[in-house]
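Heads up, the next two complexes both have chain A, just with different partners, chain B and then chain C.
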Partner chain A sequence: MSIHVDSVSKRFNHFVALQDVSLAIPEGQLVALLGPSGSGKTTLLRIIAGLESPDAGEVRIHGDAKPSIHTQRKVGFVFQHYALFSHLSVFENVAFGLRVRPRRERPSKAEIAARVQKVLAMVHLDWAGHRMPDQLSGGQRQRIALARALAIEPEVLLLDEPFGALDAQVRAELRQWLRRLHEQTGLTSVFVTHDQEEAMEVADRIVVLHQGRIEQDGTPQEVYEKPATPFIYQFIGQVNRFRGRIRDGAFQVGETSVSLAGPTPEEGARVEGYLRPHELDLAVDLSPGALPATITRIQSLGPLARVRLSAAHDQSDLEAHLSADELGQLSLAVGQRIFVKPRRLDLFPDTSPRQPADGDWVI
Partner chain B sequence: MADKTPLSLARRESPLIRGVVTALALGYLACFLVVPLVAVFAEAFKQGAAAYFKAFEDAETWRAIRLTLFATGLAVALNTTFGLTAAWLLGKFDFRGRHLLTSLIDLPFAVSPVISGLIFVLLFGAQGWFGPWLGDHDIRLIFATPGIVLATTFVTFPFVARELTPVMLAKGRDQEEAARMLGASGWQTFWKVTVPSVKWGLLYGVILCSARAMGEFGAVSVVSGHIRGETNTLPLHIEALYNEYQFVAAFACASALSLLALVTLALKAFAERRRDQSLNQETAP
Partner chain C sequence: MAHTASGRSLPGFGLSLGLTLTYLSVIVLLPLSALVLKAGGATWTQYWQAVSDPRVVASLRLSLLASLAGAILNLVFGVLVAWVLVRYRFPGQKVVDAIVDLPFALPTAVAGIALTKIYMPEGWIGRFLPFKVAYTPLGVIVALAFIGLPFVVRTVQPVLEELDAQEEEAAACLGASRLQTLRHVVLPPLVPALLSGFTLAFARGLGEYGSVVFISGNLPFHTEIPPLLIISKLEQYDYLGATAIATELLFISFALLFVINRLQPKPRKGASHG
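Moving on to the complex of A and B:
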């Protein structure tokens, strides 16, 4: 089933959770709603599920405007804290969605037992049927919660920070498992996460939310390589930032003038330039467009070396990633003064309060 | 884990201080709880077991016991229904008037039981607001069993609701939302998820409510009219016997009431433990 979110807005008292959000998710896609806490991602998921009602706009699942009882049943929901029924065994938890059906639609006892066994086997917990939820570990409980959602044979699967309460190793395992499950079942799935790595690893498509709006919507690669806003640059992956202004068609940072490849903002504009750590070149000798900086730390991890630096013009922290070979050729040392050269820059208007230190007259 | 901290802190005090504080607490308990309880049984058996059991051969005593159990049963049934509904509303929903409902539930705690009884006399008594209408239709509430049930229900009104509301709040709404997402109706969710998840808290509330209902004196005293063998509950019957200097009979009945209280206490302790266990399960990671 496909999901259509049409200009949905939602506020809680004075807090605006969602502002005019529209989103279309085609059948079979695995989408991550990514954002910091308070960005509205969970509210959006709960509105799609029908657990909250939007103040404005509507959600259609498979084209139905108001989800009827019937479409409700086609939506599986997995909660962050599992929400297993603590007084029921694992088997009864998974069987719940089948047992509450009206008599006409309810499968026979044998069919229920067979189906419960089948989904428990899918989550590798077929041995746990008669256990109580509190006898299982967090990872096992979350898999039971998934099995319970899958038992009703949903056509849409919604997951609210499904691995948020688990430790790192279990989380990594479950992520891969969720990805495989998605490939097996082809369910249209939406999951909420604040963990960008999780979103990158699992999802076909990432929708980044910030302050109740969709900030960017694209494949993991697009979101990582072409962040639409400074917020996404800083939220996803590591980033270096240079502050400066446009002078004579070039980007003036401190004393250095960095030439620009793409379209240039208007003369005199205050701008911020962003780039990833692997896009920052290091050199021992001065060349045009290179900025002086001091090495504060060198960290060598197998094939990758991370060099942390302090920029000479404003003491801001920078990070460069290079291969172990490059590091060897440069023979760098902590405390050494060298030059950094951005290979490319993404420019955004600088909206921070004006700092008097960048060469202006202070009035 | 949490309840071990005060213990280890207490162990740091000197043995003398610990001894004195423990002795004070135990002495207090002995004076105000154990001695009166022992006295009740001692007085009841003062003239031997034969005299004790003779007290229960009296038809009026049996009538009082039956009336007490009847009023208790009905009051507890009504208050359980109401308390479950109110706790469910307060624990699972946000709505206008939440605070008003919470305060209203506590009202019977704030009002003296005698005043509660008087309110019913003023409302339903022969000279009361609805008295003439009730008289015309030949309905007797005051000085009759319905009045006793009404007064008992009013006084024990808060117990189940107050006990269940925090349990409902602690359980949160997750399980109900999960049930809803699995296609359960509101009715199914309530009976298959909400009620089982609070069952020990519910039992605890019911037991407290029963204990209070059985022992209720003030409000019932005002509405009963003290008609022997008709509208005397066990506590009223005990008072009547005592006032007539039938001490053995009075204390024998009092011992029966005390026994009921002890059984309730044991049940209460059991329900309380199970309730705390089920709450801990919930919060464990």
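Moving on to the complex of A and C:
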């Protein structure tokens, strides 16, 4: 079923959790709500589930307005800390959503047992029906929580940081597994995460939230390759930043003038240029548009080498990723002064307070 | 990790059990056996006469029923108080939390006199009620409800604090109504604590003297409780009669507490993973 979020706003006392958020999720999509803590991602998920009510706006699932959790029963919700009923066995946990149905909609005992066994098999825990939740590991409990949500045959599946409480290895396994499960069931699914790798790996589409607003909405590739804002550049993946000014149609950083491809901001504007570490070339000799920097650390990890540098013009930290071969050819050493050249730059207006050092070169 | 009851990681089972039994014997069993021995001085006929006296039977019945009613009242309202204290934040919460313990701290006679003043026909509350509270069995129930409140609140509160509110949200997401959530998710983990609180309040009610004697009016066959009968027998130097009633009260209380404790669901054993 599709999900429509229409200009939803929500405040908690003085804290603005969501401001005028709109989002349309077509049927069958697996969407990640990605953002740092306090960005409003969990609030948005809880509003979609009906666990919170929006101050303004509305949420529709398959076109139906859904004012409160108690007027619907087709949302599967998975909590970060599982929220299994600790006094009930695994079987009873999964059967719960079927047993609480009004008598005339309630399946027979045999049907309930069959359905529970089916979803337990889906999460590979059909042997665990008689266990109590506290006899299972974290990863197993989260799979039970998922089975419990699936047992009610929900129209949408919502997951709140589903792997947040698990250790790294289990988390990696469960991610793959969630992706496969999604391909099996085709359920419209939304999950909240603050882990960009998790979002990249699992989701069809990533919605990045920041301070209660949607900052970018796109495929993992779009979000990684064409971040819409400086915030996303810094939040997703590693990034290098150059601060400077537009002079004579070029980007002036320190005493270096970097020529720009594409549209140029207006003359004299203070701008920030962003690029990924693999988009920064290193050279021993000076060339036009290259900036001097000093190597502070070299780290070789198999085929990839990470070189950390300190920019000469403002001592800011930079990072370049190059292949082990390239590193060998350059024969670099810590403390060496070399030149860095951005292969491309994304420019954004510099909104930070003006720094006194700027006066040295702007006149 | 907490040590389990079998406690193999800490030595000293023999020593601790020995101390437990000695302590219980000196503090609890010795005075009680003296009581039973004293009562044993009577012949069976004398004993039977003393305990089957209609006035004694009426007082025992009052005590049992009023304690039961008081404990049930406290069960309902104690859970409500505990729920509000655990689940909501409001101004003056700390004060309300402290007020709950007052019935423990206040001398029971003071509580009895205060309750009598309030509930007597001319009292602050009594004058608005169409029926009499003070000097009736209802007054006894009011006094016992006052005395027993902290037991239920203080046994239920920590368990409620441990409850995961997300389990209730999970139940709602799965389609449970509010009533179903309460019945199938919130209450089951509370049962042991509810039973403990109920038992404590009930037991306290059976033995309560100070607060009840003022509000009950002590009318024989009507509002007289066994402890009062015991005192009045003692004042008449009828030691046999007094101990007979006392042992009867003792056996009934013990039997009831034993049964209620047996009702406790056994904690489920489960090795927990990290």
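Going forward, the second predicted complex is superposed on the first by the 353 of 363 C-alpha atoms of A that agree within 3 Å, B and C clash if a C-alpha of one lies under 4 Å from a C-alpha of the other, contacts with A are read in each partner's own complex, and residues count from 1 in each chain.
Convention: a residue touches a chain if its C-beta (ideal position, glycine included) is under 8 Å from a C-beta of that chain, and two chains touch if they have at least 3 such contacts.
Here the structure is a predicted model, which is why all the values come from computation and not from measurement.
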| item | value |
| --- | --- |
| Combined model on chain A where chain B meets chain C, clash or fit | clash |
| Chain B versus chain C as contact partner of A:165, first or second or both or neither | first |
| Which superposed partner A:85 touches (first chain B, second chain C, both, neither) | both |
| Contacts of A:259 with chain B and chain C, given as first, second, both or neither | neither |
| First, second, both or neither for A:76, with chain B first and chain C second | both |
| Partner chain in contact with A:51 - chain B first, chain C second, else both or neither | both |
| Touched partner set for A:136, first chain B, second chain C, both or neither | second |
| Residues of chain A that lie at the interface with chain B and also at the interface with chain C | 49, 51, 69, 73, 75-77, 79, 81, 83-87, 96-97, 100-101, 134, 138, 145, 148-149, 152 |
| Touching residues on chain A, where the partner in the complex is chain C | 49, 51, 69-70, 73, 75-77, 79, 81, 83-87, 96-97, 100-101, 132, 134-138, 145, 148-149, 152 |
| Footprint of chain A on chain B - complex, ascending | 174-175, 177-185, 188, 192-193, 196-197, 199, 278, 281-282, 284-285 |
| Residues of chain A defined as touching chain B within the complex | 49, 51, 69, 72-73, 75-77, 79, 81, 83-88, 96-97, 100-101, 134, 138, 145, 148-149, 152, 165 |
| Residues on chain C engaged by chain A in the complex (per definition of touch) | 164, 166-167, 169-178, 180, 184-185, 188-189, 268, 270-273 |
